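Below are two complexes that have chain A in common, paired first with chain B and then with chain C.
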Partner chain A sequence: MRSLLAVLTVVAAIVAIWYLAAIQMNSKWTRDQAARAGIALSFGEVVADTMAQERPVLPAPHQVVAELWKTTVQKKVTSKRSLVFHGWITLSSTVVGFLIGTVAGILLAVGIVHSRAMDMSVMPWAIASQTIPILAIAPMIIVVLNSVGIQGLLPKAFISAYLSFFPVVVGMVKGLRAPDAMQLDLMKTYSASKGEIFWKLRLPSSMPYFFASMKVAIAAALVGAIVAELPAGAIRGLGARMLTGSYYGQTIQIWSALFMAALLAACLVGLVGLLQRITLRKMGMAQ
Partner chain B sequence: MTALLIAALFWAAATWLAVRIANSPASATLAGKLAVPALLGVTILVVWEGVVRGLEVPAVILPAPSTIGGTFAASLPILWGDFVQTFVKGALSGYVIGCGAAFATAILIDRSKFLQAGLMPVGNFLAAMPIIGTAPILVMWFGFDWQSKAAVVVLMVFFPMLVNCVQGLQESSAMQRDLMKTYSASYWQTLLKLRLPAAMPFVFNGLKISTTLALIGAIVAEFFGSPIKGMGFRISTEVGRLGLDMVWAEITVAALAGSAFYGAVALIERGVTFWHPSQRR
Partner chain C sequence: MMVAQAQSPTAPVIAADHLDLTFQTNDGPVHALKDVSLDIGKGEFVSFIGPSGCGKTTFLRCIAALEQPTGGSISVNGMSPDEARRNRAYGYVFQAAGLYPWRTIGGNIRLPLEIMGYSRADQAERVKKVLELVDLAGFEKKYPWQLSGGMQQRASIARALAFDADILLMDEPFGALDEIVRDHLNEQLLKLWAATGKTIGFVTHSIPEAVYLSTKIVVMSPRPGRITDVIESTLPPERPLDIRDTPEFLDIAHRVREGLRAGHAYDD
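The block that comes next holds the complex of A and B.
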């Protein structure tokens, strides 16, 4: 209860700072307009105008909320102006990429845990692969894959997969190695085969690590999908929405797309968290 | 066809050699530890070259490593200019400001339980957000030059760093803090002599995560507008001109810079947190 109060206080403070910043940043335009028209504005009028500009430098929170409401609830879902439509495009490539990345990550982790050669050779390169700013070359990958004939969902999903496979590899390698020597010895006294040790000991004990890394992976997958939509070809999706907003100075549109993306990320991470709680409780591993 | 065959043969030989080294006593030595990953790296390059030559992949889709190397060597001045613009001016200054601000904030809110309880969930939430999406807004605010890139980097590294710092400051155990109290140590003495050193593994974890974020932020922000130099600018214009060898040369620069940056932070970490179990050899 206390922590909820604290969170609400912080959020209220952020909103208050936002309003003050909006007045400060937008007032220049208002004053310029007034000076051009030769009118003197009172402080109250300036504030009122900064709250309701069409292309503000920083839109006030209520303008963003109003735009969100307008583009989600009041528009038909199939409309090109509906954020639900754009969010769905981004979501679908996020989920496909996340699934590809997770499966690839698990396979790689299983290989690393079972083969010493793979452990020694793949692990350093998996770490090095993350220092390559793939996000920065995402637009190029889209263009190149397009020219080979791969179009639509898959190129975007590929970027998401590349970003989400790494946390899964690291987490799963740690998780599959989590059983200690005692437990492994016990399995050996049962004369369990390698496969049985994997399915009955290693895999179950890796589950907490698996879910923790899935949370990171799905957030990364969403960022990948959004950036992959940035190249000029894309006209659908939250990333494209931001890009067109920045081309035409539609700041409110950028902010509402940003909030939609944040909402989507929160829902996805929350969903994985829910799945984690249910699974771990069923397996008797919940704390 | 022969190029493909050679590549396949090389691959098989390298795999055999890697398995041999990994399963032999040599794998415990430093040379063995370096040789196995290096072998994989060389194999990837050879197979790449072989596939591009063997299947005659056009250069606008995937240039061969040798072509990329040639372009890299031929356009060093341009690459250096882009590197300075994006990495030194944009990423590095943003990294220092962002990480410094996050560290200072963590110490400031450390004394207030209320602020911690309020800021941590919000910080965790924002750390998982697609903050890169603020790039167009910040470019609009701060102009096209490196200041806007630094601003994007500051926003990107702030929250992961803050979350790690706050968690690190809570790392010392009650026993240790009680001991400091029996020494009648003041708040600042406890902070400097016990809690900050104990927080270092977490602080460096945040710093390491931030290295890659900083580079990504600086490059992506350049897609939304930049002066006529910079790695992001070069990548987006060369893609338009189908000069993919130049793009790959920039990617090489980015990968080298990212790895060196990460390596430097990891090296400092090894010096500072030499006492931590994960650093023991």
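The block that comes next holds the complex of A and C.
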């Protein structure tokens, strides 16, 4: 109960600051309009106007909520104006990319843990790959893949995978190396093979690390999917929605797409968390 | 330097002959074991006692083929330690129980059995048998975190016993437990030893523990790691806990302490 109060207080504070900022930022346009028309406005009128502009610098929270409501509940999901439709486009490439990235990450980690050569040769490249801004490399991936005939979902998914494999590699390398010397010695006293050590010791030990890195990876995959929609001039997806919004100064549209993306990310991370709880409970590791 | 020969009627189970082990470190070579010769006969309970760095754990690890000696020779059941391990000659109990948290107690004991390829029916039977042996019957389906530290260590002993190795190697198995639990486990270990007739190698820091448990006490000293004394215990096989107050017990404890002092174990 106490924590609920604390959470609500923080939310209320954020909303209050947001409203104040909206009034402050949008009032300039209101005053300019009024001056041009030669009308004097009272403070109350200025505030009322900043809450209801069509293209505000910063939309008020209720405007964003209204837009979200209008574009999700009140639109058919097949409509080009439905955020559910655009969210689904982004979600599908996020999930495909996340799966590719996770599988690639696990395979790389297994290789790195078992081969010193791979440890020395792959890890620096994995790190280097993440130092390049995704915004710079995304258009190139799309252009290159397009030239070999890969279009649609896959190029976007690749960019998601590009961002999401890294946390999985780092987490899984750490996780697969989690067993201490004593546990490895124990396996040695049984004359266990490398495969048996992997399946019976390393892999189960890595599970808590695996889920932690998957949470990071799925959020990164969503960012990747959205960024991938920007350079291709895509017309579908949350990224495209933000892009067209910025072309036409539709700030409310941008913000609602932004919130949709945040909501999506929260759901995905929550889903991974749920999977983690179920798996660890089944393994007997959730006390 | 004393070289001891076991007065065993049959061939020794473990025979170390002028064993050397030198670790190369950045600060130069470290002589973990130097010229260690020791025979352990079948069914003996041998304790290794000495200060840190005397090589008692290293010697145990050489028997288990977890370390490779740099000189001398060692045989286990008449084979090289490597071969002996492949023939499931020994079970090893570490200082920590090291049970897998994602396996139940039964599942942990099944681990070596799965790796060694026992049938499922055989596995179930063996798990039941060894759990009774360590007084943990009924705990098969519990997870390690549901057990106390002493019970976890008993489960790890059960795990080492599950595949019928003749030798049980124990590296300070009760070192992390409090004294009351330790007394209880020592008593149980003696019963288990009497019931199974295993050859036991037992590393410890505790003089009373070594004297109470062993038929033979090997006193070691550091820099270089070597054997300074081998004491054949004169205590009877039946040993209630209060045997530790008898003059005979105190005599042996005194001799162990003398051996440690001779090896400069009490120097700064």
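To be clear about the criterion, the second predicted complex is superposed on the first by the 284 of 287 C-alpha atoms of A that agree within 3 Å, B and C clash if a C-alpha of one lies under 4 Å from a C-alpha of the other, contacts with A are read in each partner's own complex, and residues count from 1 in each chain.
The criterion applied here is as follows: a residue touches a chain if its C-beta (ideal position, glycine included) is under 8 Å from a C-beta of that chain, and two chains touch if they have at least 3 such contacts.
Predicted model only: the values in this text are computed from it and were never measured.
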Handout entry: chain A as common anchor, with chain B and chain C clashing or fitting
Key = fit
Handout entry: First, second, both or neither for A:T189, with chain B first and chain C second
Key = second
Problem - Partner chain(s) touched by A:I137 [first = chain B, second = chain C, both, neither] - result: first
Problem - chain B or chain C, by number of chain A residues touched - result: B
Exercise for the section: Kindly classify A:C267 by the partners it touches after superposition: chain B alone (first), chain C alone (second), both, or neither? Expected result: neither
Practice task
For A:L20, select first, second, both or neither according to whether it touches chain B, chain C, the two together, or no partner.
Solution key: neither
Problem - Which of chain B and chain C A:I278 touches, first, second, both or neither - result: neither
Practice task
Working from the superposed arrangement, determine the closest approach of chain B to chain C, counting only CA atoms, in whole Å.
Solution key: 12
Handout entry: Partner chain C, residues of chain A touching it in the complex
Key = 182-183, 185-192, 196, 200-201, 204, 207, 283-285, 287
Practice task
Would you tell me which residues of chain B are touching chain A in their complex?
Solution key: 15, 18-19, 21-23, 27, 33, 36-37, 39-41, 60-62, 114-115, 117-119, 121-122, 125, 128-130, 132-134, 136-137, 139-141, 211-212, 215-216, 219-220, 223-224, 231-232, 235-236, 239, 244, 247, 251, 254-255, 258-259, 261-262
Fill in the blank from the handout: Touching chain A in the complex, chain C uses residues 64, 66, 85-86, 90-92, 94-96, 98, 100-104, 111-112, 114-116, 143, 145
Handout entry: Residue ranges of chain A touching chain B (in the complex, touch as defined)
Key = 2-3, 6-11, 14, 57, 115-117, 119-125, 128, 130-133, 135-137, 139-140, 143-144, 147-148, 215, 219, 222-223, 226-227, 230, 238-239, 242-243, 245-246, 249, 251, 254-255, 257-258, 261-262, 265-266, 269
